[in-house]
Amino acid sequence: MLEGLKRTVLKANLDLVRDGLVVRTWGNASGIDRESGLVVIKPSGVSYDTMNEGDMVVIDLDGRVVEGGYRPSTDAPTHIYLYREYPSIGGVVHTHSAFATAWAQAGRDIPAFGTTHADHCYGAIPCTRKLTREEVGNEYELNTGKVIAERIGANDPLMFSSVLVYSHGPFCMGRDAPDAAGKATELEEIARMAYFTVVLGQTVPVDDYLLGKHFSRKHGRGAYYGQDKSKGS
Amino acid sequence: MLEGLKRTVLKANLDLVRDGLVVRTWGNASGIDRESGLVVIKPSGVSYDTMNEGDMVVIDLDGRVVEGGYRPSTDAPTHIYLYREYPSIGGVVHTHSAFATAWAQAGRDIPAFGTTHADHCYGAIPCTRKLTREEVGNEYELNTGKVIAERIGANDPLMFSSVLVYSHGPFCMGRDAPDAAGKATELEEIARMAYFTVVLGQTVPVDDYLLGKHFSRKHGRGAYYGQDKSKGS
Amino acid sequence: MLEGLKRTVLKANLDLVRDGLVVRTWGNASGIDRESGLVVIKPSGVSYDTMNEGDMVVIDLDGRVVEGGYRPSTDAPTHIYLYREYPSIGGVVHTHSAFATAWAQAGRDIPAFGTTHADHCYGAIPCTRKLTREEVGNEYELNTGKVIAERIGANDPLMFSSVLVYSHGPFCMGRDAPDAAGKATELEEIARMAYFTVVLGQTVPVDDYLLGKHFSRKHGRGAYYGQDKSKGS
Amino acid sequence: MLEGLKRTVLKANLDLVRDGLVVRTWGNASGIDRESGLVVIKPSGVSYDTMNEGDMVVIDLDGRVVEGGYRPSTDAPTHIYLYREYPSIGGVVHTHSAFATAWAQAGRDIPAFGTTHADHCYGAIPCTRKLTREEVGNEYELNTGKVIAERIGANDPLMFSSVLVYSHGPFCMGRDAPDAAGKATELEEIARMAYFTVVLGQTVPVDDYLLGKHFSRKHGRGAYYGQDKSKGS
């Protein structure tokens, strides 16, 4: 079932490896079929070297395994929470990519220091608050989704697609799994540049008018970056 | 038309990927045919994986598409401005390479700290001033070209070939597109070394006489680096 | 003899190269056959490019060469000490990977800054005390094993598998040689992230309850990460 | 002529590229045939992509081209000075590798922070003084050799094989060209680790007794690292 979706979810997982975002088995990508409400997600702790389409796990929005010989990623409840909360998204990716994770471990939003960042999202990449002892002790992965949603707030998760979870690492959303994986690649590069930028002494973010200009030329109503507005990147 | 130029422009774009200067579709290279006054430039937002010569877009110096099935790079007006301003250049490259962009985001010139830098240009790599709200709001990409030209001033753009645009990233010029791409590779490495150098506590640039010696042994009238003065690098 | 063990020990040594942990010949992996009490270890100073199974050296727990045309790694006495001290381990790896070594050269424990670290071990990665002049002058490699054991103390070396030796570099233990090599890869990435994290200003480790949650979901009694508790990672 | 030497010199030059020490054409390796007193060196400014044995240039110890269709590296007089000064060396390598160059640009010796460094040389990697205006203005490349020799002093250049030239970059010596290239690879990694180490706050070098122990177990009279004392690494 959902063979096409399995293919794109596998591709997204392998994109993370190709782009250097994943060490060992640290990362996971999923995609949703909105019609059936089923999610295809990476199995937990399986090596990327041998992973194939048939290893992908199909779960429903209550987290029950519908098809697959493996356990789904332990982070599945976070993915599910985001799919339930945001009907517009079709893919979710979580990595421990080094620079994005370092900002998360420092508990800092990534300031928008330039146009590279502005092309990715409109404003700082937010870092969530810490989860409380209770939130970690009970339904930890679900609560991870909740603190992400707190920071997205009323924003469009396709425009505001990356969030850092405090002491943990980044989650990215997209139109589908490969789009979310692309966001994860962008985020890591932005996190890397921002790290170098603060070491070079910058403390002030890019001017609002330049931030808005770049974001809107790529994502806004009158976007003129790329070949087709519907592509978006 | 201009098949040879398309080939070198494609090569320059792929050189940027090979040298690790480009993430996703963040970068563009162009070349000009001075006889016809036509510019060949990368299409906007197209993946490098599948890009071929036929995807290159031919535009004139008023920015009109003369040939090609894609929109040209959104930065085309910046390229055009530089071609109009500097008749000696044959190629322009723009990237968001991480270290050069970090200096641009920090709004800092890159000091000439050593002979590697001196081989690239005679003095600091300049960072432009910020564009004003008005310059961003109206003809933004054209105005980007103008602030670059402000910092080149009366210098020869083939000797003084790299400029950082504040909050944005580097632009490099060259005899042709691959030469400009090579400058972009040099710039990124220089920016990387300069970053490490300032972290190690250096605040003083290289002595003028050593800067001049290295630059002139490679680029000056009595240059003796390389095989042939006309090659230059 | 011990052909299967030689194969896994060779694999572990090559894993270190693949994961970028080894420059030149700086690193070594070994595995033990608990039944016979024999250890298979990398030869000293032999290039990885041409290394094959037959080059692996078989030694006993007194350090005597039992089979092999080469001298064993100079660090063999450290490996042997750890095998004698910890009957549960089946593999030992030593590298000079850059970030782990930098923490060792700084003489600092690596604080547990996040969940990536928590997945690897429960608490800071310890750095040993300095060896004394006497410990270096006499049976240096054996004493290296002793200061490692001092920092592991009563902990389970499979749960607390990485130690930094002051002014030297990391040693990792595992169920077998490839498992120990995997720990070395994890450690280097954790050391890298922790470096960026401290540069970004973080001084406080992750909350205990989040540290414990992550460690136990992967390694504890009720672990639910991965496919099978016996696999462990 | 000297076909075997050309082969090893070409190999050494390509080793630099393989090990990531060279960007563009920034680097050169040479080797000497002591019997004839002839030096084989990389041509100046020629691309590594197409370089072959026949491109290597043969010069004598007065710098005259004896064979070859290209100009020798502009740094040839530095190489020659070192060959004349140190009869024991058979190869010289110069790179602009990023971390070693950053220390050179900062004008700082690289402190011996650990055993990785101790395996490479006995004590700090020295950085030369600045060259004076007169030394740069007249016979610059020869004078570069002289300031290197000033810092080697009475030491054995095979034991003390790496020197940083102020504002410039590293030079390494070896038994032959590939050995010198290997030293350059070691130096870059040591420079990288030392950079991270100082950022982590270390200011004190490794204890003398540990420094001496490691250096001598690899290079001293009673060396027991590696397979054969005559190999040395």
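Letters A, B, C and D mark the chains in the order given here, with residues in each chain numbered from 1 onward.
To be clear about the criterion, a contact is a pair of C-beta atoms (placed from the backbone, for glycine too) under 8 Å apart; a residue touches a chain by one contact, two chains touch by 3 or more.
Just so it is clear, the model here is predicted, and its values are computed rather than measured.
> From the C-alpha centres, identify the chain that is farthest from chain B.
C
> How many degrees of rotation carry the C-alpha atoms of chain A onto those of chain B, rounded to the nearest 5?
90
> Same or different for chain C and chain D, where same means more than half of the interface numbers show up on both copies?
Mostly different residues.
> From the mean C-alpha coordinate of chain B to that of chain D, what's the distance rounded to whole Å?
32
> What residues in chain C touch two or more of the other chains?
Within chain C, residues 199 contact more than one other chain.
> Which word fits how the chains touch one another: line, ring, star, complete or other?
The chain contacts form a single closed ring, each chain touching exactly two others.
> Following the definition at the start, I'd like every touching pair of chains, please.
Inter-chain contacts occur between A-B, A-C, B-D, C-D.
> In the complex formed with chain A, which residues of chain C make contact?
Residues of chain C touching chain A: 113-116, 119, 182, 185-186, 189, 192-194, 196-197, 199-202, 206-207, 209-210, 213, 217, 224-227, 231, 233.
> Contact residues on chain D for chain B in the complex?
Touch list, chain D to chain B: 23-26, 43-46, 70-71, 74, 96, 98-99, 101-108, 130-131, 133, 136-137, 140, 167-169, 195, 198-199.
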